[in-house]
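As written, the chain order gives the labels A, B, C and D, with residue 1 at the start of each chain.
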Amino acid sequence: MSRYFKAEITENKKLNNDCNLLTFVPFRKPAEPKPGQFFMIGMEGDYDPLLKRPFSLFRRTQRGFQILYRIRGRGTSLMRNLGRGSVIHVLGPLGNSYPMPPEDHAPVIVAGGIGIASVFSLAERLAAARNKAHIYYGARGASDLLMVGALKKAAKRLSLTTDDGSCGERGCITDMLSVFSWGASSERNTVIYACGPRKMLETVAGIAAGRGIEAYVSMEENMACGIGACLGCVVKTVSGHKRVCKEGPVFNAKEIVW
Amino acid sequence: MSRYFKAEITENKKLNNDCNLLTFVPFRKPAEPKPGQFFMIGMEGDYDPLLKRPFSLFRRTQRGFQILYRIRGRGTSLMRNLGRGSVIHVLGPLGNSYPMPPEDHAPVIVAGGIGIASVFSLAERLAAARNKAHIYYGARGASDLLMVGALKKAAKRLSLTTDDGSCGERGCITDMLSVFSWGASSERNTVIYACGPRKMLETVAGIAAGRGIEAYVSMEENMACGIGACLGCVVKTVSGHKRVCKEGPVFNAKEIVW
Amino acid sequence: MNLSVQIGKLKLKNPVMTASGTFGYAEEYSEFIDLNRLGAVVVKGLSLTPKEGNPPPRIIETPAGMLNAIGLQNIGIESFIQEKLPFLKRFHTPVIVNFFGDSIDEYAEAAKSLSAAEGVHGLEMNISCPNKQAGWRIFGTDPKVTFEVVSAVRKSTNLTLIVKLSPNVTDIALMARVAQDAGADAVSLINTLTGLAIDIKTRRPKLANVTGGLSGPAVKPVAVRMVWEVYRSVKIPIIGMGGIMSSDDALEFLLAGAAAVAVGTANFINPRATIDILSGIEAYMRDNRVTDVKDLTGGMI
Amino acid sequence: MNLSVQIGKLKLKNPVMTASGTFGYAEEYSEFIDLNRLGAVVVKGLSLTPKEGNPPPRIIETPAGMLNAIGLQNIGIESFIQEKLPFLKRFHTPVIVNFFGDSIDEYAEAAKSLSAAEGVHGLEMNISCPNKQAGWRIFGTDPKVTFEVVSAVRKSTNLTLIVKLSPNVTDIALMARVAQDAGADAVSLINTLTGLAIDIKTRRPKLANVTGGLSGPAVKPVAVRMVWEVYRSVKIPIIGMGGIMSSDDALEFLLAGAAAVAVGTANFINPRATIDILSGIEAYMRDNRVTDVKDLTGGMI
């Protein structure tokens, strides 16, 4: 049960133009991850790129883990080329996790773009706990909406938006969230979980604060160590700088200084 | 006919524990190489390793080229992992080449270890010109003697040595060369071509000088540009520093200051 | 095989230490390695009062390296002594505390209060953080100021005193001599090289602090050169660091003149880096019949 | 789209130049690129008399970089004028000659004889080679000596005079100001950082010269930072270099304050690097509606 292990890639599946689903199997028994936690992943090779990259747990499989990643820069571009059998170095699971809602609370999940990677396992966990979430999921276009089938199954209700209207409603997922009416009584019994671009999280935090709803947001910052040692990944909170990799990545939205 | 091109790897065959034969096919028509010339080969990826690596032309194939390489350090270790379909960046063919012997001269080839990579195509060229060489080829052990079958075909005679006596005679290839008697008259009509460790080349140069035989040696130096611009690859010659990548890699043994 | 080295009054069981700021307060790494196996633990830089540090983003990767602008965020000496030191005392590895001040008096006072704490075995004074303002940097770049501040700290502590040097200087050997003359028991080098990275899309610096400190394999050749230059001009031991990723790298520093080495950025890539490096040094000594690691120091021929 | 930039009296058609010592005498690269497309060609450093340079090995790779200790091998100014310049005159790209001397007089004399040669359009004086002895290095590290030698050269030439600065200093902005005050039309930076690599098997330095100069992507953050520091303290244009591999890198230098850029080590990895970088700058300008490349200089916000 070590949090530092080598793993073998068993699949690196292209989902659309810029997103892949990577499945890896650790060489030895890893610790059990919780929804919201993440891994630091490093590739074999020499010292460029140097640092490991953080990716959320997407799903636990029988023998290993999956991450859903978007090709962004140097690291993920190289990651895209990794074939079956390639070896990666993994640190994790790391960070805290999404707190499960009290049984009488209705969970609402808000995902923007690749943010779906982090909340997907929460949705499945909630479904398993018979407290399915209402999932709001927005992306640029239809082809960027990933895993919609599985989400439909895991959700009480799935609301989709795209920037171009190619699927679901046209517009921002937070627009949809803000006009939605839970009714005064249920609001108090709602918990929001959100992952996506910082702007989206800020809007979600605003909506939640306005309605007096508890909201948890998963934050991103550049990371070096992933385990709280370098102080590289802090975000500003009402009680000072906090480490995304240690006190986070999930924060109560009220804590963050946007 | 550009000397800078991308190429696709069609095979990367393991020959023994630390040597591979790499076959690559250029995306567009390259220049025709001559025996003794070399390529600078770079891999896709980021900036570590940074520089291209020099490798001799081993053999021209129908559609591409082959290099025979020994896994030494960071670059060649990564090269070993390149699969079929991988793309490399190639500069070359570069440098001068082994001068063909006059028709009435008997060629003698001396190869030490991976030095065979450079003289192999010369041996085949000589065979094609119906002036087969007597080939002296030494390596550490039997498994390090590569391409012996093909060499046998290309050689007038093939003399092998290994450090451990596991194949051919036990000892240094230069020991064998030094005791061999060509007979006074034929010595003047002999040309030696040698590639291998610097110590071996120095000994060959000594033997050749002692007997008044013309000898050509292929030199190695660390390289950056491969085309004569950086002055990084010089060797000391009787007429000053000369660039291995431009005035070489093949030098008349008399020129080198050992 | 003797791996122990002497740094001032401290006898380390082996020459592998951690680099300040890259190993937290050691607790973070105790899950991955046995802290007892380290030559010494050097903790994140401390000051008299807690510091918030710089706003994010604080780190960004560069080719074979990284820039950081943490801005010396720390919990302050008092909290360290109360909250972190007890954990460290459970191990028999010397604890070296990296610290800094914003004035000569603060440096001296910090040294004094750390020296009073049981469980602190040595001090490393950071006069070389590139993330402080230009005014602060003279502690590590102006020989006269360096002499003053090191002398003041020397008077405030009996603990082994290591002075951490900046590579952002014309003549690092001179800076080392100054530290030696002012009473340092050892020097450590290099701290990070000042660097800047710009996002060409936003046209803004990639770090909120604008500049940051470059560390990692990229800087190793500069660091090894500086250790070699310092080795030839001081008598006190050198702790070498800057881009050490493997035992081969560590051995380079020893051969260049370091008595011990510190592992920094490598911890982020491999949390077991320190231990792997130690094993590699042992293997090298075995293979090369080196019986005392001290025989490697300055062994370049 | 206006790509032209002014460096002293020279109007370059675009800001992409070659870095001295990495492009030979340009002939070597003429097979791979159209030399007419370059902003300027800067040739390998020359001296009055030919130099043999250092013994091999002269180069060694490091993480994301390389060390070189060529030792300024060159054919001498006379041979250059006779054998190399005629080829360069066939192109309408300005030729800037990098040169050095071993004394102030030699510097001045070299500048004079180069200025007399038809086809030499500008001079870049190298006061910053890390492969020369410590005594020589004061040309680039001691402000007083720098002032003297630049002043002497200034008096010997009417050509555009670029002074190439060393990064191995505490305060590069100061060095740039000194060069400006002594009459330089522009400064170029950075030359290489001094580094050392040791072969742990043989325990010998990997370069015959012991130390060498570090170049390539590894040094880029340091170089960008120095350009930014210099930009804020001089009025003359800056030619930025150090690890430029792509147009993104080049744009970083422009945004940091460079008026033009020079491509060095990248030529070894991609002989078409200069042209690819130029195309990339053009594409960036198009995409970002920048009509004049000069508007990028110092554009970091």
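Quick notes on this structure:
Keep in mind that, in the parts below, contacts are C-beta pairs under 8 Å (C-beta built on N, C-alpha and C of every residue); 3 or more make two chains touch, one makes a residue touch a chain.
Treat the numbers as computed from the prediction; the structure is a model and nothing was measured.
Common neighbours of chain B and chain D, listed by label, are A, C. With centres computed as the average of Cα coordinates, no chain lies farther from chain C than B. We define each chain's centre as the mean of its Cα atoms; on that basis chain A and chain D are separated by 47 Å.
We define each chain's centre as the mean of its Cα atoms; on that basis chain A and chain B are separated by 54 Å. With centres set at the average Cα position, the gap from chain C to chain D is 34 Å.
In chain D, the residues touching two or more other chains are 63-65, 216-218.
For chain A, residues touching at least two other chains, in rising order: 46-49. Shown here, the protein chains touch in all possible pairs. The residues of chain A lying in touch with chain C in their complex are 2-4, 42, 46-52, 89, 91, 221-236, 240-241. Against chain B, the residues of chain D that register as touching in their complex are 21-24, 28-29, 31-32, 44, 52-53, 55-61, 63-66, 68, 70, 73, 216-218, 245, 265, 267-272. Note for the complex: chain C touches chain B at residues 63-64, 217.
By the touch rule above, chain B contacts chain C in their complex via residues 46-48. Taken together, the chain C residues at the contact with chain D in this complex read 62-65, 67, 141, 168-171, 193-198, 200, 202-205, 211-212, 214, 216-222, 224-225, 228, 243, 248, 251-252, 255-256, 284, 299-301.
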